[in-house]
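Right after this note come the structures.
Shared between the two complexes below is subunit A, which pairs with subunit B and subunit C, respectively.
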Partner chain A sequence: MRKQWKSALLGLGLVMPSFLILLVLVMYPVWSSIKTSFTGADDQFTFEHYQYIFTEPLILNNIRHTLIVTVLSCLLVLIIAYSIAIYLRFSQSTVARWINKTYLIPMFIPGVIAVYGFINFYRDNGWVARIIGEEYMPAIIYNVKGLLMINIWFNIPFTTMLLISALQSIPNSIIEGAKDAGANQWRLFWHFILPLSYRTMLVALTFLFMGIVGSFTAPFLIDRNAPQMLGVSMQQHFSVFNEIEQSSSLAVFMFLLCSIVGCFYIYSNIKESKKELK
Partner chain B sequence: MKWFNGVKQIVTGVIIGLSALSLVACSSGNDEGDTSDKTEISLYSSGSKNVEEFWEEVIPMFEEEHDHIEVEFVFVPSGTGGQSTMDRILAANESGNDSGVDIYEGSLEDILRGKEDGDIFYPLTSNNIENLSNVQESNLAGANDLAVPYRASSVVLAYNEETVTDIPDTAEELYQWIKDHPGRFAYNDPSTGGAGSSFVLSTVYNQLEEGAMDIQDESIMEEWGKGFDLLNELAPNMYQEGVYPKKNQGTLDLLANGEVDMIPAWSDMALEQINKGLLPESIKLKQIQPAFTGGPSYLMLANNDDEARKEAAEELLNYVLTTDVQEIVIDQMYGYPGIKWDLLSEEDQEKFADVMDGYRIFNGGELGGKLTEQWQKEVAAQ
Partner chain C sequence: MAIKLAIQNLSKLYPTGEGVQNIDFHVEEGELVTLLGPSGCGKTTVLRSVGGFIDPTGGAIKVSDQDVHHLPPEKRPSAMVFQSYNLWPHMTVFDNLAFSLKLKKVKKIEIQQRVEEVLTLVHLQGMEKKYPSELSGGQQQRIALARALLLEPEVLLLDEPFSALDAKLRHELREELRDIQSKRNLTMLFVTHDQEEALSISDKIVVMNNGHIEQIAPPQDIYNTPASLFVAQFIGRMNFIKGQAVNNTIQIGDITLTMDDLYTGEVTLGVRPEDIHVADKSSVRIEARVDKMMMLGHFAEITLHTLIGSLKMFVDRQQLEQFELNSTISIKLVNFIVFKENGEVLSNRRMNVNEMV
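Let's turn to the complex of A and B:
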């Protein structure tokens, strides 16, 4: 019993520093913005800031725009990253080896620099326009198309990395066994590979959603002026309009969006570990 | 495990070395503070990179000439809470404490705020700041005897000489030019930079009577409609049928690339970039009538009840208004000088010939933010 106590204390002691830091650096700011978002001009409790963000057409359009861009980006990234991961898992070709070596590069380029490079590449008289002719150039910069493209560019490396590791943990014996039993490629995919990797897909989706819904740099520099992504709108309310309460309520709303996705992730994790315990 | 021990030794060595260094650094700092009889003052400033570079050049020059004064320079980059310095001064004044801020570089709004709250700033006249008599009188009006307007800049029209033949002289002609040349004009999102916000401000207030820019009462917002109608009317003729790039630099980039032919821009930013070759030489600047907005930058002396520091700070303010420093303002910041034009060399006067036509000062206080908010709702979201 004493030994158990000791190890419990040790465990707590090890967790304590990071928990305390979390408390000071995360919990307290979260709490204070929740409080600010419910505080009116006369320090009284009020719902007016939430009323504002859910009735003002400007913000409603921004919320709709944010959700559309986030969901579309997540789906596109997931589809592309999953295809790359499958290809890299099962192909031994030189091309695959090269992709394997290079797909992580975008992760190491700082965001702002990547965005400026992207703008120079795709703007109306940029590199691409010079090659294909300015009159054939579709509007990409200052357009939602450009935003989707740069989101894909930023998020593919990490997502692919996650998915590859999931796919690589599927033992070859399973795949070979299924093949020997006469499974064709579709069957193999639907009944073995997808079920064995879909949980990692959920994890990737969670990270993607949280990263894109709160993004600032790319939408600030590439998107149109309206509707805006929530991150941009929040910054504008905070530092240009000096509406600290309204931007707090926007932040709380975004926090709720992310925590819904987060709960979903935790729930699926718990379910899984329960299964393993049995 | 051998390599691990090696690493451990190195890490320990580094930590010991660093702590020893930091101790040395501390003690040497203390020695200096204890033994000298220098007056230490602090200068809080904010803005873009060029402001920081300006002070980093001027302060050592000042300290060399006045070896009994030491200036601590604190720079708060714009957009990272510059207002907090003002809040700090106000809070210290309320509680009767020393704010630690002696000289504060701020805006017209800060002066008004300081005036409302009483003795936040020391009064400044040519009695205590001799060179104040050299300052341009039009700039002194807003200073309320509480500040030194030591430099200025304004928004001007920047255009490409090679593609623009009918250069507009007035605001009306500019609006007509925009309509005649769809897609060739751009102004930046007013929430992200002063050039775009000056265009929006001027366009809205050009529709109102003269003197409207000094009104701080919110009732004037009802009269903004006409200006916003004009902005909406112009919108389809803007760059990409209504795209407003982010930041002052966003439109300058478009002008440099040749994607547009005309933009509103800050005089100092545009002059600097033309001189450094970042903008092609075919880019020219011009002020139209009625002019875009602009204004001086002010230096204020925060009241900390310390006579020695006050006198030292006054000396610095006086020094900033000498021709030597004013030439740095002109040559390196490409800003308008704070002192009268005729005190400067003819060569310097010539540099500003294109943009010397002045500027209007917007004195609407918080209405500026409200205007941007309305722009976001009515023009951007159109």
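Let's turn to the complex of A and C:
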């Protein structure tokens, strides 16, 4: 019995430092933000900050803009990354081998440098404009298009990596069995590849959504001034307008958005696990 | 009987230099032919070429006289049962079975009926709603077989289908497969490295080694008259004794044998353990010391030390009591085969002990 206690205490002792760090650096700020978002000028409980962010047209526009950019970016990244992953999984070509070696490179380029490079490349008088002619250059920088493009640049490597690992875990034998049963390329994809990799797609989607909805560097440097992504808007309310309560309310709202996506992912995982345990 | 599957001069060479060459054999309608050989001999390459999963370098593959060489797997008139079952984990048993029928746009009622029918055939009625992960290895392989049968293939290909199962289940499924094959008059090409499996279920065995065919023959011929030293070594147990042939005699120690053929050079005598008998007084005898005795179920294996080398001998388990460790006995070689130095059979005729001088 004494031995059991000792090992329990040892376990607790080993976990405690990281738990305390989590408590101080994550849980306390979260709690503090939630509390601030519900605290009025007289230190009383209030909904007025939420009332403000959900009625103020400027912020509502920002929310709409953030959701549109996030959803579009997620969709585009998923489609492109999934296509690349499928190509890399099933192709033996030299091109596939080269893509396989290089697709992770954007992950190793610091965000700010990538954004500045992107601006130099695509601004109205940037390199592309000089090559194709300024009059033919579409507006990319300080525009949603630019933000979508940079989101794709940032997120494709990691998403592709996740999806490739999912596709590689589908044994060739399953594909061969399906072909043997008469499945053509389309049916192979629809009945086998997609169902056997959609769980990882959900994981990728969760990470993508959380990353893009709260992104700051790229929207701050590339997006237009209004509407803004919520990350930028939150920073401005906090440090430019000194509206700490409003920025806390925005932070809690973003946290809720991410929680919904997280819950959706957890729910689908539990459902799958139940099916597997059956 | 009509030839259902014809493999003509098939070759597949891999960049590593391995592969198969000049594979030529056929399978008649309703016949079960087994490709047998050690790992890496090319038997799976041949089978997968027939299934369309490997593109051969040369040769032709014909099913019912139609060249299928250019067709992708989904369009070939064959179906394959894979070693790893290959059931689709995200689909129920019913969906696994019904998939190919749905692709063929078979009516729902007929699908239901045919799935039930095939499940009865493989003794798995009532399993429709289960997922593959809920089934045992044996059940999964039965479902895999059922799925292949539903495709109504002209040739059923089986790639070591029982290798992942335990011995008892393997034996059971082997018998079931043979029953189904006979009942439905199925044409099957079966791959295995298990000689016992091959000998027990095949109409004909194709023994392969290093990418080429060593022998094609019915199981009893493969066992009784192996075409090469490799086949003799690979199929069943055999004692090998080195000797020296001069014209029509073979000298092994102080024993001299005669043969019909003329040959001079080193030879190897192959003797099956069951072809070594205890000698009576009238026979030409070899003195042997009993070194080891091992019970192997319904028979026993005795290791003998003789002047011509160490020999294994099989006896019935009831006879084991007659032997004593380290005792000396007299034995005779009832049958043996002589192989040349290059592994070829010197004479196809099995010689017998009366020819010993």
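In the analysis below, the second predicted complex is superposed on the first by the 258 of 278 C-alpha atoms of A that agree within 3 Å, B and C clash if a C-alpha of one lies under 4 Å from a C-alpha of the other, contacts with A are read in each partner's own complex, and residues count from 1 in each chain.
Here is the rule we go by: a residue touches a chain if its C-beta (ideal position, glycine included) is under 8 Å from a C-beta of that chain, and two chains touch if they have at least 3 such contacts.
What you see is a predicted model; the values in this text were computed from it and never measured.
**Q** Put subunit B and subunit C onto subunit A via the superposition and say whether they clash or fit.
**A** fit
**Q** On the A-aligned overlay, A:Q51 touches which partner chain: subunit B = first, subunit C = second, or both, or neither?
**A** neither
**Q** So, does A:A178 touch the first partner subunit B, the second partner subunit C, both, or neither?
**A** second
**Q** Kindly classify A:N61 by the partners it touches after superposition: subunit B alone (first), subunit C alone (second), both, or neither?
**A** The first partner, subunit B, only.
**Q** Given the touch rule stated above, what does A:S169 touch, subunit B (first), subunit C (second), both, or neither?
**A** A:S169 contacts neither subunit B nor subunit C.
**Q** Does subunit B (first) or subunit C (second) touch A:S259, or do both, or does neither?
**A** The answer is neither, since A:S259 touches no partner chain.
**Q** Between subunit B and subunit C, whom does A:N242 touch in the aligned arrangement: first, second, both, or neither?
**A** first
**Q** Touching A:S91 in the superposition: subunit B (first), subunit C (second), both, neither?
**A** Once the two structures are laid over each other on A, A:S91 reaches no partner at all.
**Q** Rounded to the nearest Å, state the minimum C-alpha distance from subunit B to subunit C in the superposed three-chain model.
**A** Superposed on chain A, the two chains' closest C-alpha atoms are separated by 33 Å.
**Q** Where on subunit A do the contacts from subunit B and from subunit C line up?
**A** On subunit A, no residue contacts both subunit B in one structure and subunit C in the other.
**Q** Report the residues of subunit B in contact with subunit A in the complex, numbered from low to high.
**A** 79, 189, 191-192, 240, 242-246, 257-259, 366, 369-370, 372-373, 376-377, 380-382
**Q** Which residues of subunit A touch subunit B in the complex?
**A** Its residues touching subunit B are 57-58, 61, 123-125, 139, 142, 220-221, 224-227, 236, 239-242.
**Q** Give the list of subunit C residues in touch with subunit A in this complex.
**A** 51-53, 72-74, 79-80, 82, 84, 86-90, 99-100, 103-104, 131, 133-134, 147-148, 151
**Q** Which of the residues in subunit A come into contact with subunit C in the complex?
**A** 171, 173-174, 176-184, 187, 191-192, 195-196, 275-276, 278
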